[in-house]
Each structure stands twice: as C-alpha cells, then as structure tokens.
Amino acid sequence: MVHIGIIGAAGLSGRELLYWLERHENASVELVTSSKYQGQKVTDVFPELTTCSQIYQPNGIDVSGCDLVFLAVPTQASLESVPKLLEQGARVVDLSGAFRLSDTEVFSKYYRLSHTAPELLGKAAFGLPEYFSEQISAARLVANPGCYSTGALLGILPLGELLGELDRPPIIDAKSGVSGAGGRVEDDTTNYVSVNENFKAYKVFLHQHQPEIQQYLQDLSPYREDAAGEVIFTPHLLPVDRGILSTIYLHFRKPIASKEIQERFSKFAEEQEFVHFLEEGVLPDLKMSVHSNRCVIGAETDQSEQNWIIVSSIDNLIKGASGQAIQNMNLMFGLGEAAGLL
Amino acid sequence: MVHIGIIGAAGLSGRELLYWLERHENASVELVTSSKYQGQKVTDVFPELTTCSQIYQPNGIDVSGCDLVFLAVPTQASLESVPKLLEQGARVVDLSGAFRLSDTEVFSKYYRLSHTAPELLGKAAFGLPEYFSEQISAARLVANPGCYSTGALLGILPLGELLGELDRPPIIDAKSGVSGAGGRVEDDTTNYVSVNENFKAYKVFLHQHQPEIQQYLQDLSPYREDAAGEVIFTPHLLPVDRGILSTIYLHFRKPIASKEIQERFSKFAEEQEFVHFLEEGVLPDLKMSVHSNRCVIGAETDQSEQNWIIVSSIDNLIKGASGQAIQNMNLMFGLGEAAGLL
Amino acid sequence: MVHIGIIGAAGLSGRELLYWLERHENASVELVTSSKYQGQKVTDVFPELTTCSQIYQPNGIDVSGCDLVFLAVPTQASLESVPKLLEQGARVVDLSGAFRLSDTEVFSKYYRLSHTAPELLGKAAFGLPEYFSEQISAARLVANPGCYSTGALLGILPLGELLGELDRPPIIDAKSGVSGAGGRVEDDTTNYVSVNENFKAYKVFLHQHQPEIQQYLQDLSPYREDAAGEVIFTPHLLPVDRGILSTIYLHFRKPIASKEIQERFSKFAEEQEFVHFLEEGVLPDLKMSVHSNRCVIGAETDQSEQNWIIVSSIDNLIKGASGQAIQNMNLMFGLGEAAGLL
Amino acid sequence: MVHIGIIGAAGLSGRELLYWLERHENASVELVTSSKYQGQKVTDVFPELTTCSQIYQPNGIDVSGCDLVFLAVPTQASLESVPKLLEQGARVVDLSGAFRLSDTEVFSKYYRLSHTAPELLGKAAFGLPEYFSEQISAARLVANPGCYSTGALLGILPLGELLGELDRPPIIDAKSGVSGAGGRVEDDTTNYVSVNENFKAYKVFLHQHQPEIQQYLQDLSPYREDAAGEVIFTPHLLPVDRGILSTIYLHFRKPIASKEIQERFSKFAEEQEFVHFLEEGVLPDLKMSVHSNRCVIGAETDQSEQNWIIVSSIDNLIKGASGQAIQNMNLMFGLGEAAGLL
C-alpha cells in the first residue's frame, strides 16, 4: 500500500487525484492540504466525493509519513516546496511546470520566475510514461507533463525517425476545456458568461507549454528546430468542462505513405496501455477520451502525402494531469501501469 | 431626444441598455459611469459595442445634463444615489430592488439592509408597464421590477378576478440563466465549471423577489395571502446565458374552463405590445423570448380543471431588466411604448 | 460469474451498461444486440468503449446461454420480447415501462398501447432496491424504474408515516438532461440547436412516469390520492447531457419539525449504499450525482414548517437506468449490492 | 420598397433572413416557401418571429411579383432553380455553393454533382461586398459566399500585396457553431448528446469551402498556389449555436513589420462598414461578432515577424450567410450598404 499525501488538494487536479485514488487498491490517501480550506472537510468543497473522510491540513505540514506526495500547486509554490518535501523523505510527483524545462533561461522567460532549485533539474524525470518509464521508475522527483504537452507529444513522437523529414515547424492548434485553462480560479476569464457560447485563442506565441513541447520533441526525435523551425503552438478555450483536442499540421520534405504513418502509430498504440490509434479515415473527438486516461489519435493526409494532419484527444484533468500522475506513481512503486486507472 | 445617463454601465444590465439605446431614435446616451472602469472606454469592456464611443466616468458624477438616469447598481448603492440624482433634476429608472417594496420591514428582512429613503417609497412607480403605465408616465422615480417578478406577475395577473378563487398559494418554480443570477460577478457561483452541465435551486424560501411577487399579486388582484397562503417561489440556476422560464402551479377551489383561461390571457396579450399568449396545447420555451423584450405565456390543465400550470418565458436582461427599463422610459417621455425595442 | 446479454445495446442505456459491466468483476457480457447496427462492432458506435470486443447481433437472437438479460428497448418491443426471453431460461431486467404499472388501463392510457402480457405483471418485481430488495432477489423479471420515478420516489418515500399528513398532492417539478429525454433519437426535439441555450416543460400532465410515482407512493406509504390529491409531475428538458434534479413541494396539515425530517432521511441514507442526505441548509446540485449511482437529497422548510421543499439529484443514465439495473442484478445473483458500481 | 421572396425559408438561414428583413425599412417579404412546411404558418416553425404573418408556399411557386429572391436551399436544388427564377424576372441572391466556383471540374469534385448551368457562372457576382461591390450592384445573380470562406477571406485578403511574400500555404484552422454545420437537419451529427461537451474536426482535406477560399485568394491577391502551396483548411464543430472563429497561420519569406500589418488591416476596416480590426495585442473571441453582421479581426506575430497568426470572428448565420445576403441586396437596389443590419 502506497501512502499518499496531496498538497493542494482543493483544485480540480487535486479533486481528480482523490477521485481516482479512492478506487486504487494499492494506494491510501493519508494527508490532503489546502491553504484556503484548511480545517474544512474535503466533502464541503467537493460534495460528490462522498466516501472521502479527509480534512484539509495546512500546506506546510510535515509529510514524512507519506511514501509519495502529489504536488498540485502553482509553479512558484512548487519551486519552494519540492526541496523540503524531498528532504522529508517523500518521493514527489509535481504537477506544476517547475521541473519540466532543462533550460532555466527559457523557464524564466515563459514563467516569469527565477528558478530557485536548478540543482534538481537534472534529477527530475519527465513524467510521460510512454517515453520515460525507466527514469520514472527510479526517480524521487517526477515532473508531470503539461496537459497540452501530453496531447501534442503523443500525437507527434510516435512518428519517430520520420520527424527528421519535417521541413516546416509542426503547427499545433490546440483547444482545451475550461478546467485546463484556469479551472476554479475566480476571475473574469472563466466566468460562465465569458466562456459559454464563446471561443477564443489565448497566450498566442506566449504559452509556457510551447518550450516544453519543443524541448521533448528535440530530445526524443530527429526533429530539429534549426532545420524545420520552432514549434508553433496556439491554445484556445473551448466551452466545455474537460478535454483537449489538438489539430497538428506536419509537412514533410517528401511524401510519406499512409501505410507508414498508420504502422508507426498502430505499433506504438499496441505497446501502450493508454494510447489508441483510430483506423484510417477516422479522427477522434473529445468524447472518445474524456473521463478516461486515454490519448486517442487519428491521422489524415491530402493527395501530396506531404501534408499530414494528426488529431489527438485527451482529458486534460486525467491523461493531461492527475491520471498521468497516478500512472507515474504506478511505475515508481512497481505496480501495474494501469492500476486504478481503468 | 431624451438625454440619458447610465450609472453602473459596466455590468450586464448596463451593457444591454447601451445595446438597445444605440438603436433608439429618440434617445441619446450622454454619460456612462463605472467605479471599476472609470477612465476606460466602454469598448474595452464590451468590445462588441463597436459603435459606442463613451468613456466611463466615476459613479458620483453630476447628472444635471441628463433628462433620465438609468441606475444599474446594487440595492444599497441605489438607496444612497437616488435622492441625490433626483435633486440634480434627473428622472430615474432604478433597476435595483431599493424602491419596489412598500413595507420597509419586509425590505430589511430580505435585503438585510435598513431603508434609508422611506419617504421616496410612496412616490416611486412600479415599472411594470402592463399594469402601471399611468403612474410610470408621471413618475420622477420608477422602480424597475425584478426579473423573476416580471416573469411571475405576467404569468399570473392576467387571470384577474379568477385569482380570488385560488385556495392554495401559487407555486412558482423558476429557472434562470446565469446573467440573471450574478452575471459578471467573479465568484465561485458563476464560474464556468460550477455552472456548466449543472443545475441547482438556490436561496430557497429566502429570495428577495418573493415579497415583490407577493405584494403586487395582492395589490393588483383578489388573491389574498390569508385565504390562499403565501406565494412559494423557488429560483434555480440554468446553464444558459439568458432567459427565465417560470413554471407556475395554481389550484382553484372550483374548475375553471379552459376557454375562460384562454380568453383572459388572449385579451391581455392583444392589448399589450410585448405579451404573447400561445394557443392551447403549446407552452413556451426560452428561445421564444430571449434576445427580445417579449414575455411569452402558455397554459395547461388536467381533467379536474382545478389544477393549472402556467409557463412564462422572458429574457431576464431585456423584459426582466433593461428592455423593460427602456419601455418605462418610453412611457415617461411620451414616446411609443415599443420605440427602439423591436 | 454472471453471463450477461444486452438486448438493445446501441442506445445510451445500453452503452452505460457496457461501460459499468466491463468494470464489474462478477459479470461477463456474452451477447449484445441491435437491430440497427447488427454486424457492426460496438466500438464503431461507441469508440470510447475501447476494450469492448463485442459485435452487435440481431435483436431476436437466442439468449439461452445467458444467466441474465438486460432489455433496453422501447416499451412495445419489451412487451413482445419478455415472454420469449423468460422461456429461453434467462432472468430479465427490463429497462422499459412495460411491467412497472399494475393497472393495465392506466398503462394503456399513458403508453397508448394495449398490454399483451398482463399475466407477467404480478410476477415482476419493481426494481427500486431501496424498497424491494427481497422481491428483486427472488425475481425472474425485474421492471427497472423510470428515471424520473427513481428521483421522485427516493425524495419522498423516506418520509414514511409522515406522508399520511399530506393534505395536498406532492408537486414534482423535475428537470432532466437530454439523455433522459430522447437521447440519440434523431429528431427535432434533441437537435443541438433546439436544446442548447434553451429550456422547456414537456408532456405536461401526460408523462408516463406520473402514474408510476403515484402507484408506488400509495403502495409504500400512507399517502392516498383521495385524501391529498393526485401527484402533479412536470418534466422539463435541461441543456445538459445527464442528470435529473427534482424539486418536490410537499404540504403537511400540521407543522413537521425540521429535526424529524432530518432524522428520517438520515436514517434511510445510513442504511442505503447509494442514498446520500445533505446536512440542513444544503441542497444538491446535479454535479453531486452525475457519473455515479448516487441519489443525493436535501430538504428545506419555511417558518410554518408545513411547506417542505425536497430536492433530489440523480444521474438519469446510472441511478435512473443502467446503474440501478446492475444494482438489481447484484441482488438477483447474491453479489454485494454495490459490486461494480463504485 | 424591395419586394422579396425567400425560397427555402424553414431553415436557419431562412429564419435569419426573416428576422432581419422584418427590421428593414426598404424591404417587404412577399413570399416564403418550404417544401416540408407548405401550408403552415412561419410562426408554427419559428414561434419567436411573432410579427411574421407569412404562410409557407410550395417551393416551385411563381416569383414574378418579386424584385429579389433569396434562395436558401441545398446546392443541387439551387442549380435547378436559379435559371427558372431568373427567367421569371427576379434577381437572385443564392446562398448555396452552386455558383461560387468558376471551375466546374473543381465543383464536381467537392460537391459530387455535375454543374447543370455552367452558362451562368460567368454572370454570377461573388457576394463578398468588401471586394465585389460594383459587380454585385449590377448583378442579376449573386453567389453569396460560404460562411467559412467569408471568415477566411476577410482575415487574409486585406494584406493585399504582402500575400505575394507567402512562401508556405495559408493554414486555416476554423471552428464553427452547429448552425453552420448542419443546423436543424435531423441526423446524428447534430444531435445534442453528440455535440454538447464535445469537439471534433470534420471533412478534413475535403470541405467544399477550401476551393472557394483558394480561388478568391488567387483572384484577388498575388498569392499563388504554385509558389506558396495549396490552402490548407480544416473545419471543426464547436458546441455553440453560432459563430466561426478562424485561426489563420501565415508564413512570409521575409519579416513583415507589425506596423505594416496593422496599417493594412486598419485602413481596410476604416473603409468597410462591417469589418473591425482590433488594436495590437488583442484577438477577437466569438462573442465580439455573434448576433451582428460584423467580421472582427486581430493579428499576432512572434519575434521572427515571419510567422503571423490572424484570427477572424463572424456570426456564420449573419455575416456568413443571411446578413451578407441582405448587404448584397442593399448594393443591388442602391440602398445604404448597412441598411437594416445595425
């Protein structure tokens, strides 16, 4: 039984962790914290978690009784907390952006923060289990990927060596439900009247998941920014609760046969518990992935076979955050990768 | 040309006033205020009002150049402002609840405020043009009705003398879009994730429109609380931008023929520009009224003909607030009642 | 291991059965049918059921290898199929309205069908496990309750003896998501543009769940139509996928103390796995129940303590249909009542 | 007074024409037709058009009393009807795709129809008033542009000569509300449960508006397919009633200064009644255009100034269909371009 603490358990990612961990046979939540709600019952904030008997503790509480801490707080708070949590002996899955980027200058530019724990960057595993399962298994600190990054990377990386043939940058036009873009934060951006019957792009050319996608594409494939150009990533806000659909435009310097694309994705999907690839001519919608830990992918080309459009669909709160975090926990503690997630 | 000021023009009612007044041939908006946005352009807050060139002034600004002031601020602020505005010579249509109830004790109970201008209560006309057109025409102060009250009163009052036959209280089960229940206020209640794919009752037995409905039913019909019981009113929050649908349960001590109900509503609808009554067997939905100043009504009975269900549909921001306010302005300044509202 | 057949597995209730049964450790789906999709894979119709390998069989197929058949077809088709399925040796949980009403005349009036299998009416258990667990355990045929009936009955029946004090009929103002009011049927009623940003009452005084609520209220409590009047039930269509919220108006001939109401509901909720009662002053919203098999209930009164408003919330596809059907299966086969449903 | 006939007035475009024409001081609707609803009142189908007294006539009715016919029927029906309507002496604004493409082979490929009236192609004006006002003024037949084409062309064409510097094809990632993608058609695609809380791409590389965008970009600017590549256009289905937001990716062979982009759009917007360009750093959302005839545009670049993202927002039923059709009528009959559209 893995003994769990959840720091920042009053947000939507925290709620989703609680929901899935209650169903997990090898995990036991021992401790939940929230600065805003400390002293209140979890069920006061999330009445639908009817079987949860936890009471929110203050955020700074000692976690030395926990085997694993999920950290679901803003990036700056993660920077400050992670060193302390590791010192107290817990392993950590950090859901923030604090330890995903290897370059602290890029980090500073996109997060508008100085990185105060650069010594941990080399030690953090990037928590994309489809590519880093070994590192995750051994890690004391896992940097859980961004929601957009998960959808984009799983829609591109399976093409493997073919990505060396890109002669233009991948363009990722991504559309996210509200829980991936602010959630329960009480501001004008996520007010019902502002979002309902509406749609918009935001943080164009400025979103912090762009360098994350850029870095891991380069680390894990022959795509190179200096050959093909820098990834273009445009997030949009959809009037739905959950889900990210990414429409990805790729251009290859020579035709790539449909069969080759299909085979690479199909092989990858067969090996990966939570990746599904649709047969030719079918593209995913959001409802194929939401409320599950799945990433569902489809691909289409035109007559040239140089232009490919890949569409990937995930639930931003599950495969894009808390489900993936539990998948990482499963690897870290030698449990089945899918335990508690089906 | 009526010269208009709008105090509190950065909320949804203010926006709706601006939208319709721009299309009104006999009105000219001279002044708009907002404490939060003073100094900013209206189009910074509402970019869709593309032809509006106004800049927000501070709330306390002198309005002596205005023939009419629409006051779209919270009830407490109205209590404080109305005496000053009247002194400056402007006529006032107040969209708050400050001057609707004649009994200051009831006011205090439901609004949790003391009434600081009771001397004005006798002078304010209740701005339901279908029943108070004479008083409105002559008034210096019009208390624009609550959105729920408008939908409920127009769904019940046309029954006239028949309401003396009620032997149980009217039950009004009302459902409102978000703009009628908090609007752009930035709190947890109207956050997208809280409202979308959700539905709930709120302020059960406590909503401030209950005494308003109660009072005007008694003033305008033979319904009496001591004979039939106090009106029961339950507001609910619908996941839509706009509209109030009220399902009204009436029970008469003897059967009332369908023909009689139909005739009373039909006659009323013929006389009133903005009231539509549907033929037997048809009930309104929200889309029959939203984006218009209409109240649309239908009625059904069971075999007993003692139980009647009336359904009324309005746009809470238009007939339930700003459209009705303009309808009142038209009466006050001798314009056609429907001017600028079609 | 219970071997399961699902007749009519291409509708939303069928889909929901498949979803939950895949997670059930003691059940194995052996057979699924659909007249429209026979020969196609389940995943062609519901791509999100990624692990389902079933192919739709024709509706008339022999079910003698099944221990239990879930029948999710229209009422008329159920009338025809149930006798045959029972003859083939399967036990049956029927999700239609065919065997819920004991009076065939009432059945004919509301369903506009003659009842062709009246001999089975006395043998069918009404599948509301909170009240009929013994009958369900022993039954060969279970009539799974209507979605509206489930929400209404669980919101009223726990009051038990107090219902003898009602002096007016219960008024049930119910609001349902689209999946409970037509679902995937391709007609104008459930077209996106017709439903979105809209709301309406439908089948007023005519809905077939009214006599179902009426009958079981009388069978299970001292409420009597001739003393208090016939139940008034008004269904409405909400612009959401799932969920039914019922606002129930009760009037007692004498005051009932809040403590007494609270205690009766609390006691009932303690005994029942899937019933939750909220503390005083809190009413449920839809999100407290959707995606679960729960019924969540709250109650409020006014100063008279004679008027009570009860609000109940369920997921129409789960507690209102397929979850409850599985709960019934669990009882029929001696499994834990909550097996596979948490 | 222009005497109007509307052929196919029971769809969403027809409804929108009726809504706006009732407010138009120089137009009078004389005739409306619908094959499905002939003999019924318009208000039976669209109860919210309360002041419309028209009765649907059969589609083939003589229109010789009409000055102008709006044709809102499927493309094949337009092909058949337009020659007859012109013979009867009416001028025609055709809302279908029948007369937009000059190349009948391309037409056949995308519409899967043979073109039966090629002789009219040279005589039809393309009804984009911002670019073809002279031709429209003189035309007997106007081919009203596709909704997606309107949003895309107005987002790209104002760049004028700069489009000769494109070295890659424009990528148009467009997202449309349901009324632009099937509307009231009763199929599975636009069923509420299929669309709500969902999002998907459709007709990828196959949509009939792609060749329309391609053709008019080439006709009206120095962009050339053989130099930059064929336009890539991907439509998506948004869970909203109305609106199209197009995210347009442009890549120039050399940097284009922000000032130059701003100036070209600003100049264009100043000259055009219904085009609005947002100041630097602001992009439109859907709510800035819906319920109006506006196209609202914004632009962003990255540090290279070679990558530009243009976002345009329109209401698909108004500027994307019926509003633009009325704008064309205004030009054809010498009325102010904005008459009846503000």
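By written order: A, B, C and D. Residues from 1 in each chain.
Criterion: contacts are C-beta pairs under 8 Å (C-beta built on N, C-alpha and C of every residue); 3 or more make two chains touch, one makes a residue touch a chain.
Bear in mind that the values here come from a model prediction, so they are computed numbers and not experimental data.
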item	value
Remotest chain, chain C as reference, centres from CA atoms	D
Winner on C-beta contact pairs when B-D is weighed against A-D	A-D
Chain centre separation (chain C, chain D; CA means) in Å	46
Centroid spacing, where centroids are CA-atom means, of chain B and chain D in whole angstrom	37
Chain centre separation in whole Å, for chain D relative to chain A (CA means)	38
Chain A: positions in contact with at least two other chains	197, 239-241, 284, 287
Chain B-touching residues of chain C, taken from the complex the two chains share	168, 171, 173, 175, 197-201, 204-205, 230, 232, 234, 236, 238-243, 245, 247, 249, 251, 283-287, 290, 300-302, 307, 309, 311
Of all residues in chain C, those that touch chain D in their complex	12, 178-179, 183-184, 186-188, 190-197, 239-241
In the complex, chain B residues that touch chain D	23, 47-48, 50-51, 197, 276, 278, 282, 284, 287-289, 291-292, 294, 296, 342
